[in-house]
Amino acid sequence: MFAVTATQTDPDNPLKGLTLGERPDPTVPDGWTTVTVKATALNHHDLWTLKGVGIRQDRLPIVLGCDASGLDENGNEVIVHSVIGTPVNGDETLDPRRSLLSEVHDGTFAEKVAVPKGNLVPKPAAISFEEAACLPTAWLTAYRMLFDKAGVQPGSTVLVQGAGGGVSTALIALGRAGGFRVWATSRSEEKRARALELGADQVFESGARLPERVDVVMESVGAATWDHSLSSLRPGGRIVTCGATSGMVAPTQLAQVFFLQRSIVGSTMGTRDQLARLAVFLEQTGVRPIIDRVLPLTRADEGFAAMHDGGIFGKIVFTV
Amino acid sequence: MFAVTATQTDPDNPLKGLTLGERPDPTVPDGWTTVTVKATALNHHDLWTLKGVGIRQDRLPIVLGCDASGLDENGNEVIVHSVIGTPVNGDETLDPRRSLLSEVHDGTFAEKVAVPKGNLVPKPAAISFEEAACLPTAWLTAYRMLFDKAGVQPGSTVLVQGAGGGVSTALIALGRAGGFRVWATSRSEEKRARALELGADQVFESGARLPERVDVVMESVGAATWDHSLSSLRPGGRIVTCGATSGMVAPTQLAQVFFLQRSIVGSTMGTRDQLARLAVFLEQTGVRPIIDRVLPLTRADEGFAAMHDGGIFGKIVFTV
Amino acid sequence: MFAVTATQTDPDNPLKGLTLGERPDPTVPDGWTTVTVKATALNHHDLWTLKGVGIRQDRLPIVLGCDASGLDENGNEVIVHSVIGTPVNGDETLDPRRSLLSEVHDGTFAEKVAVPKGNLVPKPAAISFEEAACLPTAWLTAYRMLFDKAGVQPGSTVLVQGAGGGVSTALIALGRAGGFRVWATSRSEEKRARALELGADQVFESGARLPERVDVVMESVGAATWDHSLSSLRPGGRIVTCGATSGMVAPTQLAQVFFLQRSIVGSTMGTRDQLARLAVFLEQTGVRPIIDRVLPLTRADEGFAAMHDGGIFGKIVFTV
Amino acid sequence: MFAVTATQTDPDNPLKGLTLGERPDPTVPDGWTTVTVKATALNHHDLWTLKGVGIRQDRLPIVLGCDASGLDENGNEVIVHSVIGTPVNGDETLDPRRSLLSEVHDGTFAEKVAVPKGNLVPKPAAISFEEAACLPTAWLTAYRMLFDKAGVQPGSTVLVQGAGGGVSTALIALGRAGGFRVWATSRSEEKRARALELGADQVFESGARLPERVDVVMESVGAATWDHSLSSLRPGGRIVTCGATSGMVAPTQLAQVFFLQRSIVGSTMGTRDQLARLAVFLEQTGVRPIIDRVLPLTRADEGFAAMHDGGIFGKIVFTV
């Protein structure tokens, strides 16, 4: 089958190890099944893999790609849940040894991908394969942060720090569609403008004083925004954090935490069931991921080059 | 001031006690404040009061009306929370001695209404006074059932039993806007058609076998649908109940409850904070109550007559 | 190996099908393991199986017994979790096709029992094998009802309806050890006296008016006590139900549910992790199951006869 | 009446401002009531007030003391809840303007103290006035951390950092009585020995590698133990923090939070209802606060001197 593979890694020239061509069909372990891929989407994660981050050398060559939609063995339209793990307290994302597709097992940039049977989720007919392929990583992460970990009811005010990234974009779109008052911050005027287009009610420069304290802050920036996030919360409010692009060590003012009884909650990815609900949520509300361009998988190298050069807005989708 | 008052009650001829005319301005106890009413909405509750249900004779004459939007003493646009009670575990709806406006204290069908200071909620500018006046009873009840008591995440499947009433209508509209898959039942083909217009994904005759088990059932019908509600739930699923129009005593198959670990949760009205979030939810999602007609309060008798005759669809709103 | 087996069923003479003798060692499917049984305990469930209730004829002969403690293949002291199921939302007790040991697979009344690897829980050294063998059914059921489903904090008041049965006994002992105020009802003066010995603070005749409303009611009686249970709850209070010995259909006063926002929550058995926590709870608090008598497994027929005759108080344990 | 008052503050010589003598009886605002104090307990908070920390100069002279038990105006035995605040979302401890008795209003070191009517809690007969007087601050704080904020079931493993202080002592005693596995750390061998006496299962030097990861960590130390606390948690585990004696700014490894989905939850004091449940919990389990010595209030200066000199173990109680 045709596939897009990482054959080597290079921190300085990630595209060097990007290889398009024939690969053997996937082997299918007990309890796994095969999906015929119809669409898949590019993530920064794929570029990181080509740089050698989050991948062991002895896994190479490995098929890239975390996201996919396609057909199961009976021809049903499905979305592929990318988390491979053993549930801990009923949640596969709590498995400290979990992986995403393309980290340990071959990924989704191929005509076929093997996945555990339990990792398939029905694709609503109203969602196209291209749209569905955008959901399993950033949008699933945002869904869990907003509708599970935040612990607030619709109509509450949510602050999204750092309006640029994939998760932040999904948070703004999902938050607005779900009936939250969404505020967003960014250092970039352009990104603030896009946040408003995506549905944010108000946007602010990073660190700006807000009109009032918020119920919950969505954090993926880390060190640079941490203090602002904590002090922006109402008494009893909560930070939900899924990443730290600006720095992993954040000095935390503990009195801000205990005296006003705030909380900080870590979140990563989401469960298979949450992916299923996310797809229905899109079907019901009409909100859709923004797609920058659609390319055939055979031209995946163009997509990688565009992401590497920057300046894209929305997802790069490959069709098979 | 001008007001619409219940001066007597009659189970057979409720309109006989309906009196329009001058009334003294409200007296304002310590901790209370006055709202200048801009819009108010008619509820079946007002007809029941005129029939003598839920009202003590020694309260008469009493100004009718549970719902209102208007201006507070500083000219801010507000919505009036109708529940008068002392919080129990932080929730005024848990006070067994709570009342609604027009049950113990004069109601909202007047130029001015006195309410506890804490019962005012900001009206978002995007919501009109007429729309805002529709929220404090049926829509608030639906908001709490769906976004608090149901305990499910958006994208879940919700069954609304009895698609006709005010709460059911609000549940369908709110559920769809909030990203739930909404199924509804009714004995009436006309009401099923309206449920689809309001946003239901599928409708069914009462008691019909469903395509699959649902995550949560919204119950306001009671005895007639109870068995169907319970057996329609997935393992671990939940009934939320706020009323029982078809009968107050429902035989419950306990094995259906414990063996599949289902639950049944009672809900009534909502808190002041939930009313505030409901208003923002409408602002953000664009969903709005359906208004059958708008009349000046001086023609409230026409509205009462229309509700008494039946056949209205949506709220009857009075402007002041 | 030696085992105690149901070879036939008879509703009138259950002991007729009770067979003691040699049986082949268990076969061990993929992902399963073998436990060398040290102690096991008799449940009414075993008598019901011999009566033909809850068992398919084509399963016979089948080794009886739900409960066991023993040694795993590495010699570690373990308790056996009896629920065989596939987790639904992370909870194996939500699987509608779940079974207990001795329902589909051979049970624990044997020198060896095969179980899924995940079904083993460490036995604290401070708990004897005999005590540990009493935990996996009634005590686990009580643990989940009290510490998971009830949703109340220690120091709350818990009413246990029907103080006689295995679950009720465990509820009283666990509730008192866990710092709850425990009230119990029974029609029998003798059982009320025992409830006091087990740690109940006050006991009442069935249906008696209580000194005040309670936070939560533990229900295993069903139809006979249902009305009393519901009306005994404070506003916002909860019934947790795990059975219905007096009748499966309980007329429910819905106004009692919705107007005071009470809830009814079904519960059955518990998870593997809850069994592990239950064992630690016993270790830490010093509370222990009451054991009526200990017999060698080779004299299991005496234990069955005693349970069949009634009048036992506490568990009948078999050692191997 | 006789009272113990702060008449001036001095950071270096706190006892200088300690004044014993006659004071006017308390004035009782609307909605408040008077308690005849029977016992009261000394807290470091009282010494801090005399040092000028947490007190405004224009409040002086002010009666000291946060804790009290006594008789209400009808002669009922009561415990006094010390938090004076307006509930936010039903929780008075969320009011950012809340105070404790002796911060804004006269405290409990007096023959009579005025408190809001809602701040009285029944004292169980089995708890002495002296014991009851120890509950409203450190023990209430510990109760809320353990039984509310921790979100874990009994039998879970709890790590208490810094075994010396009042809250940590209460956490160990309450945790053990509530059926948790309690581990504690301290730099001091003597304090580790006392932790074992109080019921800890294992004790460790600060920062020591633990035998396994824990479900929840109780934090009142702050900067010095923060890293150890976070890395000691299992996936999905939680820190509950109520203070930071070693430093208020704690560098937080965010990857430790989000990748393993841990959480950090601030907690302070507890609600009036939690104080009531705490008292019942003591009644039911038999656990009691440790009292170092009991003195008549007229010799309160000896108690202050002993606390100032250090080396006490348990509470100093004053009787009136």
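Just a few scattered comments:
Per-chain residue numbering starts at 1, and chain names A, B, C and D are given in the order in which the chains are listed.
Quick note on the criterion: contacts are C-beta pairs under 8 Å (C-beta built on N, C-alpha and C of every residue); 3 or more make two chains touch, one makes a residue touch a chain.
Only a predicted model underlies this, so the values are computations on that prediction, with no experimental measurement involved.
Counting hops only between chains that touch, subunit B reaches subunit C in a minimum of 1. Looking at A-D and C-D, the interface holding more C-beta pairs in contact is that of A-D.
Centroid to centroid, with C-alpha atoms defining each point, subunit A and subunit D lie 43 Å apart. For this pair, subunit C with subunit D, the centres built from the Cα atoms lie 39 Å apart. Shown for subunit B are the residues in touch with two or more other chains, namely 89, 91. In terms of which chains touch, the assembly is arranged so that all chains touch all other chains. Put simply, subunit A touches subunit D in their complex at residues 88-89, 91, 93-96, 222-223, 226, 235-236, 241-244, 248-255, 257-268. Of all the residues in subunit C, the ones that touch subunit D in their complex are 147-148, 153-157, 176-182, 201, 274, 276-281, 283-285. The residues of subunit B lying in touch with subunit D in their complex are 87, 89-91, 273.
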